[in-house]
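Both of the next two complexes hold chain A, though its partner changes from chain B to chain C.
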Partner chain A sequence: MIQPALVLAVSFGYLLLLVAVAAHGDRRAGQGRSLIDNSLVYALSWGVYCSAWTYFGSVGRAASGGVWFLPIYLGPMLAMLLAWVVLRKMVRIARSYRITSIADFIASRYGKSPLLAALVTLITVVGILPYIALQLKAVSAGYEALTGGPGPADAAWWRDGTLYMALSLAGFAVVFGTRHLDLSERHEGMVAAIAFESAVKLAAFLAVGVFVTYGLFGGMGDIWARAQAQPDIAALLQLGGQGFQGFQGAQWFTLTLLSMLSVLLLPRQFQMMVVECVNERHILPASWQFPAYLLLINIFVLPIAIGGMLIFGDGGAGAESYVLTLPLSQGAEWLALLAYLGGLSAATGMIIVETVAVSTMVCNDLVMPALLSRGRFARTGGDLTQLLLNIRRAAILLVLLLGYLYFRVAGEAYALVSIGLISFAAVAQFAPALLGGMYWRGATRGGALGGLIGGSLVWAYTLMLPSLARSGWIPGGFLDGPFGLAFLAPQRLFGLTGFDELTHSLFWSLLVNVSLYVGLSLAGRASAREASQALLFVEVFQRGEAQPVFWRGRARPEDLRRLAGRFLGAARAEALFRDHARETGTALDSLTADARLVDRVERQIAGAIGTASARVMVESVAQEEPLSLGDVLEIIDEASQVRTYARELEEATVELRAANEKLKSLDQLKDDFMSSVTHELRTPLTSIRALTELMLDTPDIQPAEREEFLAIILSESERLSRLVNQVLDLAKIESGMAEWHNTDVDMKALIVAALRSTAELFRERGAEVVLDLPEQVPMVLADPDRLTQVLVNLLSNAAKFVPEHRGRVEVALRQQGDELVVTVRDNGPGVAPEDQAAVFDKFRQGGEAGNRPPGTGLGLPISRQIVVNLGGRMWLDSQPGQGACFAFSLPLSQQGRVR
Partner chain B sequence: MRRRDGPRPEVLLALCGAGFLLLNFPLLLIWDQPLTVLGLPLLPVALFVIWAGLIAALAWVSAPRAGRGAKEPPDAGERNG
Partner chain C sequence: MTDRVLIADDEPNIVVSLSFMLKREGYEVLVAPDGTQALAMIRGERPRLVLLDAAMPGLSGFEVCEAVRADPDLSGIRILMLTAKGRDTDIARGMGAGADAYVTKPFSTRELIVRIREMLA
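== the complex of A and B ==
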């Protein structure tokens, strides 16, 4: 036994330490070096999920049900797998629209409905009372276990220690949650303290676990080996029964699902995960660190439970305080005290965050709307920040006292875990409206209201009221159905049996909830405000910073400024307006109350008093014109038009970039062309110059030699002029300056003429030319001289590449549809596939650089230009080693076609 | 922030589905045998091992990886406007 004075002193000292941690956290936040800006602290703060229920109740549950304590922690594991998808969206929404509570979140989604906010708050308060009671029960039971037995049972209520504990916890919650006048900021100090508490409770529980497992026993294996001697303990670790018989699969599933939802929807979880989130990036690492924390804190639950049953032999009756009684019975009093501190951490952490969260909701969504609805209050009065704080403080006290009341009324009849599950089932009712609202644009306020009311009424009827009836506060006959109507029995609705009461309640309440939510949403129509809010929520990631503002009306800047001053304090209101003036680039005193300013003020006020109340307040100073659905669509349309423009701009940029690339490559081509031309010009010039110089220097040159030199000079000059002509030609054709003398041309005659002029070439190479011409072909409209140039080019090209003395060139003419096709096939080396595309490029000559026949490299490009200008095409078919086949086609002339 | 900063939602959904199956009946009944692992009863050991496995899988897919941005096409649905 430990002296009560010592326990009280240590507890009080510990709570003071917490205050110091919180103060330190706040100070660091003030210096801009946030203590909580890292994922581990963020994950530890989520550990507020482990309340006294976990700390004391899990062991109790394990002693009576074996592994059945686990689903409550497996659910969060599953939920955390989706945290990056779901939680991140919740955080982004809350951040974007300055949402500070779960009631605010739901109300804001469905058109900032004050009614919905009040309803959610009411459900939360009623639903959370059993949970608060659980903490009070656990701490007071722990205190009794530590100090030895309860006080006098007949003590008057004012001598009840639990009451004073509730009051002092309320005091601490007030200190933690409502110290700041700065209402809309996060509570950095509180988060730091909660993270600290999470570490303490984990360490304390692990210490007890190690003490029991390795101090009192020889490890987990030893505990199990000894437990097997006792069949009732050994049976604990089986699911019971074979196959599906006996195993309550439905209940297991229910517990998993319930805890999965609760880890997101309990007010304290929402507060820690969503409202207090410093940085979205922390969600990802925290989403696996938090389940790891849960796993660690649960590892020793079974060893402690079984170890306790082995030592005490009580069949698990006192299992909920094994964590304390086991060390105590072995004389390890300091360890027992540490374990008590761990339990205190678990309970206080839960109570502080839960009451802070609930008090915010009560203040913003129940009290403020009631106050604001009285016009006189809304219009007059100065700074309201102090009033807001006081309302919250009163709300914290009220919630704790109500929790105490529930503890007195129903606390004794239930185990810790069963009490907690009642609360879980209550907050699960938020799931359809909240999660559905984040992904389904069609959900309406009517659906959300119907679902929440229906679901929570069924919850109250099937779970909450029976818990009161169980303790005798409602006549016990109620459990068999009111007024003797057996089919309405709260735990066997319509005769549905076979479920435990929790599964039964959750099934019916969620069935009613989801049906009404979906049914009414589909049947009803969303108002303009709902539609706009739905859009802002569902597409929060697509919208980014530039939000469309759904507002039309008139307001005076001084009214807005006074309004902001009342709820934010004069200094912050001033800063808000200065910022807006700076961002819009107008002077502070010439600000107009346009839609953006109104929206900005409304959002800032929403951070202090909730979105629904903020809406009411802004309405009171602004003459608004009602938004029609058409207006909303227009605004949405504008927003999407902006997006369309942005996309078009992006596309245009891409096109410009491509065009620029093309220009650059053309420029490069021009440079290459210039350098090729000058290079081609230089070669003949060099030889002409060298030979003339030689002849000048040697006056007594032999006539035969002179003759030879002059012949070379002549041929080089001819080559030079040919080249210059061709370059000019090409330039003319390409720029469209060439003159064309088109007339009807007989292609057959043209080919024969071209062959005649190149016959000498073929004779020199010893090549054979085969003609394949039809009897008669239609006319084509063309410039005969240019066409001859093309034919001569192709023929001389073929002559150059055929092998000496074995050459064979086939020239064919065919009519194909409306075209005449000329092919010139040689049996030369052919053109490799990779070079085929380039043969029509300027100065690109076939063959190896060394043994390439002489030529300007302009013949084929010119030929193709001519053919293209005449409306035809030129192409090349070639396989390496099998010769090349150049071909071109020309359209028939009108006359030719008629014929 | 773009979604490619984290794991793809499909992967997380698949993990969650797998977790739901592994941690519920009927698969849970596989472990309901009177056997021991290293002297410990099979059922709780299996539950904790599956649990730890899910944590490890989540940590693994969450780990920042070089070149993730290059491998995954940016998700148009999540891009800031």
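== the complex of A and C ==
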């Protein structure tokens, strides 16, 4: 046994440590070096899911039902692994519209309905109070187990340590959870403390697990083996073991579904996952880190449960405190103390976050509307930030005291797990309205209201009231049906039997909930505001920056500014208007209260007082035109038109830029071409000018030299005129100005004619020409003069490059499918592979420098242009040392094809 | 002793005119048809002046010029670049490569010989 004084000292010491962590987190946030801006801390903060209920209760449940403790963890694991996209959408919606609680989320989606917000808040408070009581009970029970003395709850209330624990937690929540009014600003200190608590409870639970498994027993295998030896324990290890007839898939499904929903819908989960999310990028990694956390914290649940049963032999009674009593019974008092701290951190983490979340809802969705409905409050002008913060603080205190009261009155009535599940079932009622609202535009406020009211009434009737009846607060006869009507028996509604009470309740409540939700949505008609909010929620990712603003009316900037000042404080209101002026490019004084500014102010206020109340406040200072459904459609239309224009403009810009680039590169090409032409023109001119000058200046020049010079001048003049002609020719073809006299051409005759006109060239070089022409080929449609130009060019090129006196040129004509192919093969040096790509470029000449055959470097480019213009292709096959083979193809003419 | 001048150009007809001009003035003439051979002859024969065509196959005139200027052993050699490309950027490139003078084609033999005499004086 441990001295009560020590336990108390350690408890309060631990709370002080939490305060230090939170203060450090807030300080770091203030310095801009966020402690929580990483996915691991984010995932750890989700660990607030594991409350004292799971910390102590899992072992208890494992001891009585074997693997039945598992679905409560399987659900969240599945939920996070499968539904992280849903979470991401929730975060994006909440961020975009500054939504700060689950009540706000649902109310905002259905037209910013204050009624819905209040309803969700009420359900939450009723559902969550027992859950908070449960945490207090866990801490109190832990204290009892540790000190061995009578629980503090047995003492008079003013001597009850649990009360003071509750009060100090309220103090913590007030200090770190209500620092600023705008909840969309995060509470970094609180998140840091919660993440720290998650780490502590994991470490403590693992420590106990290792102690039991490897300290008291010889490892997992040993425990298993011993468990098998005892039939009552062995039965636990099978699915659907002790206490259940066979494997009850329905109940597994129910529990898994329930915990899947609650990991998204419990107020504290919404607070941590959505409101406190620093960066959307953390969601994906956290969505596997969190399941990993759950896996770790569950590894030792069964070993501890079985170990406890083996050692105490009590068949599971008192199993909920095995985590404490096992180390204690073995004299490991410090470990027991650590385990107690783990439980304390589980309880305090849950309580802190839950009360902060619930206080926001109570303040924004219950108290604010009540205050606003009194005209005097709405009209007076003062700064309300302090008042609102105080309301929240009072709400935190109130919720905790109510929880404590519940704990004092009903604490002994029910096992831990059952109370937790009742709360789970309550928040599960939010699922249709919340999830449906994110993906179904047709859902209406009427449907959401109907579903929520119907579902929660059935929940209260089938789950809540029976639990009260069992505690003896309602006559037990109620369980057999009111007024003796058996078909209305709360746990066998309409004779539905064979399920446990939870499955039974969830089945009926969700059935009623979903039916009403869908039915009323389909039957009813959405108002304009609902339709516009539906669009903003469902298409939050599609809209991006260009969101339509659904507001029409007149407002005065100074009214808006005063309004913002009341809820945000003067400084932030000032900053808000300044930002807006900067972004819209207007002077601060000449801001007009257009729809965007009104929307902006409303969103900012929504962060402080909730969307529904913000709507009411903005309405109170502006003359609004009520929007019809037609108006909403019109606004959507306008917005999408703006988007379309923006996209078209962007596309046009891209096209223009591409065209500009193309022009630039064409310009560069032209420039290069001009430069090359200039070079080619200047070279012969240089010889002509220099030699002429030299002859003039050298009267006594030798006749032989003069002869040589004159010959050079003549040939360079010819080269010049050839060049000028070809440049003009190429320019004409490329610009499309050339005249084409196309007619049916007999390619064979054309080749023979071209050979005749180049025969002299071949004779000079001593080269042999071999012809390989078919008897007859179909006609092609072409300009015969141009085609002759191509053939002569290829033939004279071949003549230039064949070796002197041993030259051999083969000319072949073939029909291949719908084409005629002409090849001219020489036995010259060939073209090196690296040069082959460039041979059709302008002014690229083959051959060795110095002894290169005369040419302009334009023959092949012109030839290729001609062939391409006639619808054909020209190419080169060459292996160095084995000659070159130039070829071109032309399509057969219609007439040629018919034949 | 007569000064040795190297003509580096790939156009045979221009080589004909340049070498006639230089021989008439009494210089000893060397000829290289491309950049690579030009550089080898500069290193081997140490001409006092090089008439260097900018656009040659193999090494271009610019590259030959840069190589000569990078070699301390060849510091006394004067270089006159000849080019058929008259753009300002080409001239800047030639001067940047370290040529002593830059003459565009087509040139006047009368003016060219005056420049050559000055450079060898």
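Operating definition for what follows: the second predicted complex is superposed on the first by the 616 of 899 C-alpha atoms of A that agree within 3 Å, B and C clash if a C-alpha of one lies under 4 Å from a C-alpha of the other, contacts with A are read in each partner's own complex, and residues count from 1 in each chain.
We adopt the following convention: a residue touches a chain if its C-beta (ideal position, glycine included) is under 8 Å from a C-beta of that chain, and two chains touch if they have at least 3 such contacts.
Every value quoted in this text rests on a predicted model; they were computed, and no experiment measured them.
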| item | value |
| --- | --- |
| Which superposed partner A:85 touches (first chain B, second chain C, both, neither) | first |
| Chain B versus chain C as contact partner of A:279, first or second or both or neither | neither |
| First, second, both or neither for A:225, with chain B first and chain C second | first |
| Contacts of A:586 with chain B and chain C, given as first, second, both or neither | neither |
| Partner chain(s) touched by A:386 [first = chain B, second = chain C, both, neither] | neither |
| Touched partner set for A:693, first chain B, second chain C, both or neither | second |
| Greater chain A contact set [chain C / chain B] | B |
| Overlap of the chain B and chain C footprints on chain A, listed as residue numbers | none |
| Residue ranges of chain A in contact with chain B within the complex | 66-67, 70-71, 74, 77-78, 80-82, 84-85, 220-221, 224-225, 237-239, 243-244, 247, 249, 252-253, 256, 280-281, 284-285, 287-288, 291-292, 295, 299, 302, 541-546, 639, 642-643, 646 |
| Residues of chain A touching chain C in the complex | 675, 678-679, 682-691, 693-694, 697-698, 705, 708-709, 712, 716, 849-850 |
| Chain B residues within the chain A interface of the complex | 1, 5-7, 9, 12-13, 15-16, 19-20, 23-26, 28-29, 32, 34, 36, 38-41, 43-44, 47-48, 51-52, 54-55, 58-59, 62, 77-81 |
| Chain C - residues contacting chain A, complex | 10-14, 16-18, 20-21, 24, 33-34, 55-58, 84-87, 104-110 |
